[in-house]
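Beneath this line is the structure, given in structure tokens, with notes to follow.
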Amino acid sequence: MVQRLQGGSLTVPRDTKRVIALQEELHSHLPSDPALRVKTLESLLVEKGLLNSETVDRWIEVFREDVGPKNGARVVARAWTDPAFKQRLMTNASKAIVELGYPQLEAKNLIVVENTTQRHNLVVCTLCSCYPWALLGIPPPWYRSFEYRTRVVHDPRGILEEFGVALGDDVEIRVWDSTADVRYMVLPERPDGTEQLGEEELAALVSRNSMVGTAKVAAPTRAG
Amino acid sequence: MVQRLQGGSLTVPRDTKRVIALQEELHSHLPSDPALRVKTLESLLVEKGLLNSETVDRWIEVFREDVGPKNGARVVARAWTDPAFKQRLMTNASKAIVELGYPQLEAKNLIVVENTTQRHNLVVCTLCSCYPWALLGIPPPWYRSFEYRTRVVHDPRGILEEFGVALGDDVEIRVWDSTADVRYMVLPERPDGTEQLGEEELAALVSRNSMVGTAKVAAPTRAG
Amino acid sequence: MDGIHDMGGMHGFGRVDLSQDEPFSKANWRARMFGMELSYTQPGGFNVDWLRHVMECMPPALYLSSEYYDRWYWRDVGVLVNAGWVTIDELKSGKATRRPAGQDEPLSPESVPMILHQGLDNRRPEPRAPAYKPGDPVRAKTHGSPGATRLPGYLRGHVGVVEAYRGCFVLPDANAHGEERADPLYSVRFSAQELWGDVKSPGDLMLADLWESYLEPTNAGR
Amino acid sequence: MDGIHDMGGMHGFGRVDLSQDEPFSKANWRARMFGMELSYTQPGGFNVDWLRHVMECMPPALYLSSEYYDRWYWRDVGVLVNAGWVTIDELKSGKATRRPAGQDEPLSPESVPMILHQGLDNRRPEPRAPAYKPGDPVRAKTHGSPGATRLPGYLRGHVGVVEAYRGCFVLPDANAHGEERADPLYSVRFSAQELWGDVKSPGDLMLADLWESYLEPTNAGR
């Protein structure tokens, strides 16, 4: 941690105009294929002693296997089944997820917002792609898309329709733009007909999109 | 003229959302090389009876040979040497240029703004590339560039410096954004030391950029 | 429409490339695109406001990465395909499958000098007296039109002073979408201080031509 | 900085592509770019606000036409070349001509779990009591910072209501440029009516997290 934050006592120039000119120069000199450029960058940084490739591997493993929307889904299922936990989650979500053993990277200041029959929350980052990694993993392409970033703050109902979510005019919509250090997760509505299900079964129903606010959780289809 | 304006009694759908979707579709289906696409479009329109290629040739000839900044330069030289004409030009520029026999396409509602030691005008079209064709021809690439369009309304002095024009803090800057049907031409300052020159010689000194406001007219360098 | 074209004041662009000219001959695609745009029979008649709007609807990445006359291409094929006069397949193959019915002969080379000399004019008789006079303070409205408009984003909500009345002109916001309506037009003057706040030369002035519909008195409730 | 990244409310973009995922394996360049960004020793230390700002300085056409993780590439090489740790020639050849002096060993795989679990935190002790409380009307300032800022353009000049106080956090506008300063942060609620005027659902609400420096009382002189 400490190590990661260290960069020596170097004073870095941090000037906007300089970087605009630099970005233009970089772009005009480097090849167009990103796969090639990224590969070259990795070997260069390793050679310079600034990067350990095994650390890159480790991060990829972690985000493929340990961190993803299944974390968020279990938090949702717990909140649905344990009123005292739900209360702690709504009051101090960051603390509540640590209690369950979940990590905190990009969820250190987490706020959970609850969808009800009267209020529908959805989350965006118009300026980049801020997202609660620890609970939902890496944001899906649609969340990072220019289409979503530009349109959801202007026409949330139009976006929701594209995702197949139709809301009545009486439902209040709240679009949370993650402009700062707070990360948002939506607590979706528990669907009817799930009274008999346990925490594990409930978690299996909770989709990634429902925790960003672009889906509702559907009741399970009854199998034989 | 009338012919050109006719399109039959067709009712054309004019819906923004429809065209946004259409533009995306066009882009995804057509080849990337513009030269190829333009050539194909021309033969297609000819085949459909919507275009005469000789008319295209004629427009190109006209804008190569007859219409260009030399028109504007002669107007400037006349204004410098004929105070009565200058007064008519400043009062009703469209009428004054017709008096000299110049055309009116994209200069039908022309306003001439005068640069002095105390005031420097420059012209832009932030939304597209509006420009007084009849007097200055086709706008140069820099005028249509995103760099000029974005920056000149925010930092006109920075732009002028890039063009080699340094103005004192006491000079008032006026940036005219051509957002409507009015077209603007700058009447540059007549340089000192040109008292002996005739209209033709003066016109030869007047650069295109000086009539847009990104240059001053330099006095002639004295030859032998 | 707050599209990519509405770029006045946007940051992130570098130095201006001062190269003066580009090839412009009968054999060059740029020149042919230019000439074509002035020559082809346009569906529904020539409507500069609709033409501009169709270009504004280009995907923003394409708008920024296309050459100037290539944006003209995308505009004109947008106009043609939208009206059903041309299909995407035809644009690929160059082979016409049908001709639009009832069209006159296309513009002839002989008409060029007349159009050049007369120009086109969107000025109209004045339906009413202008509401503002030079010297009046005015505020550019905060909200733009969702369709075509010529009120740039960088002026919205800001207070300026009427510099001059320019006469009555067809309003692009209506005309682009098929309704011709004349509206008084003014040059309005804004200070850099008002538009940008903390700039090096707060006294520099920006002037734009704004229709009366784009303006409100400064005492209007906000 | 009013760059292309500040795109909330911008028009011209079409339907959202709902494809859910993309390849993410050790052999895939996207995944490697992701992992690299979390692993390499950063000049001057890790500074999320500077990283974001360097991406915002990309040429707008490149920003819009580059894939997500390719924008990460341009950001990170911008950070490295700006600091002099890497040169453009090295990025072309992949051959290092020199090593930055005095750097510790790069982040080890063993450190990954700790960083993942602890996270990074820009929250700071409160230097003073917050100026606003929930329910207070506030106006987002009209002018943004010329450098890094997290005040989106679509909120500027508009009036909202404080929804919640979130604590004191490092201010990106200062931090990106090398000065750490804590400032109270609020969630502020705006109505669609206020932001966009004539929309179908004027009662829809947009909330954003805004630092106290971005806000002014609604009675402040305008």
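Letters are used for the chains, namely A, B, C and D, taken in the order the chains are written, and counting of residues starts over at 1 for each.
Note that in this section a contact is a pair of C-beta atoms (placed from the backbone, for glycine too) under 8 Å apart; a residue touches a chain by one contact, two chains touch by 3 or more.
Everything quoted here is computed from the prediction, not taken from an experiment.
Common neighbours of subunit B and subunit D under the contact rule above are C. Ranking A-C and A-D by contacting C-beta pairs places A-D first.
Centroid to centroid, with C-alpha atoms defining each point, subunit A and subunit C lie 40 Å apart.
Between subunit B and subunit C, the centres computed from C-alpha atoms are 14 Å apart. Work out the mean CA point of subunit A and of subunit B, and you get 49 Å between them. Shared contact sites, meaning residues of subunit D that touch two or more other chains, fall at 1, 9-15, 57-60, 64, 146, 196.
For subunit A, the set of residues touching two or more other chains reads 16, 20, 24, 146. Here, these are the chain pairs in contact: A-C, A-D, B-C, B-D, C-D. On subunit C, the positions that touch subunit B within their shared complex are 1, 5-22, 24-26, 29, 31-36, 38-46, 50, 52-55, 57-59, 62, 64, 66-70, 73-74, 76-78, 81-83, 85-86, 88, 90-96, 99-100, 102-109, 111-123, 146-148, 150-152, 154, 166-167, 169-170, 172, 176-178, 185, 187, 189, 192, 195-196, 199-201, 203-211. For subunit A in complex with subunit D, the residues that touch the partner chain are 1, 3-8, 10-16, 18-20, 22-27, 29-31, 34-35, 37-45, 47-52, 54-64, 66-67, 103-109, 111, 124, 126-129, 134, 138, 140-142, 144-151, 153-157, 159, 162-163, 169, 172-182, 208. Note for the complex: subunit B touches subunit D at residues 16, 20-21, 24, 146.
Contact residues of subunit D toward subunit C in the complex are 1-4, 9-14, 56-61, 63-65, 142-143, 146, 157, 196-198.
Those residues of subunit D that touch subunit B in the complex are listed here as 11-15, 60.
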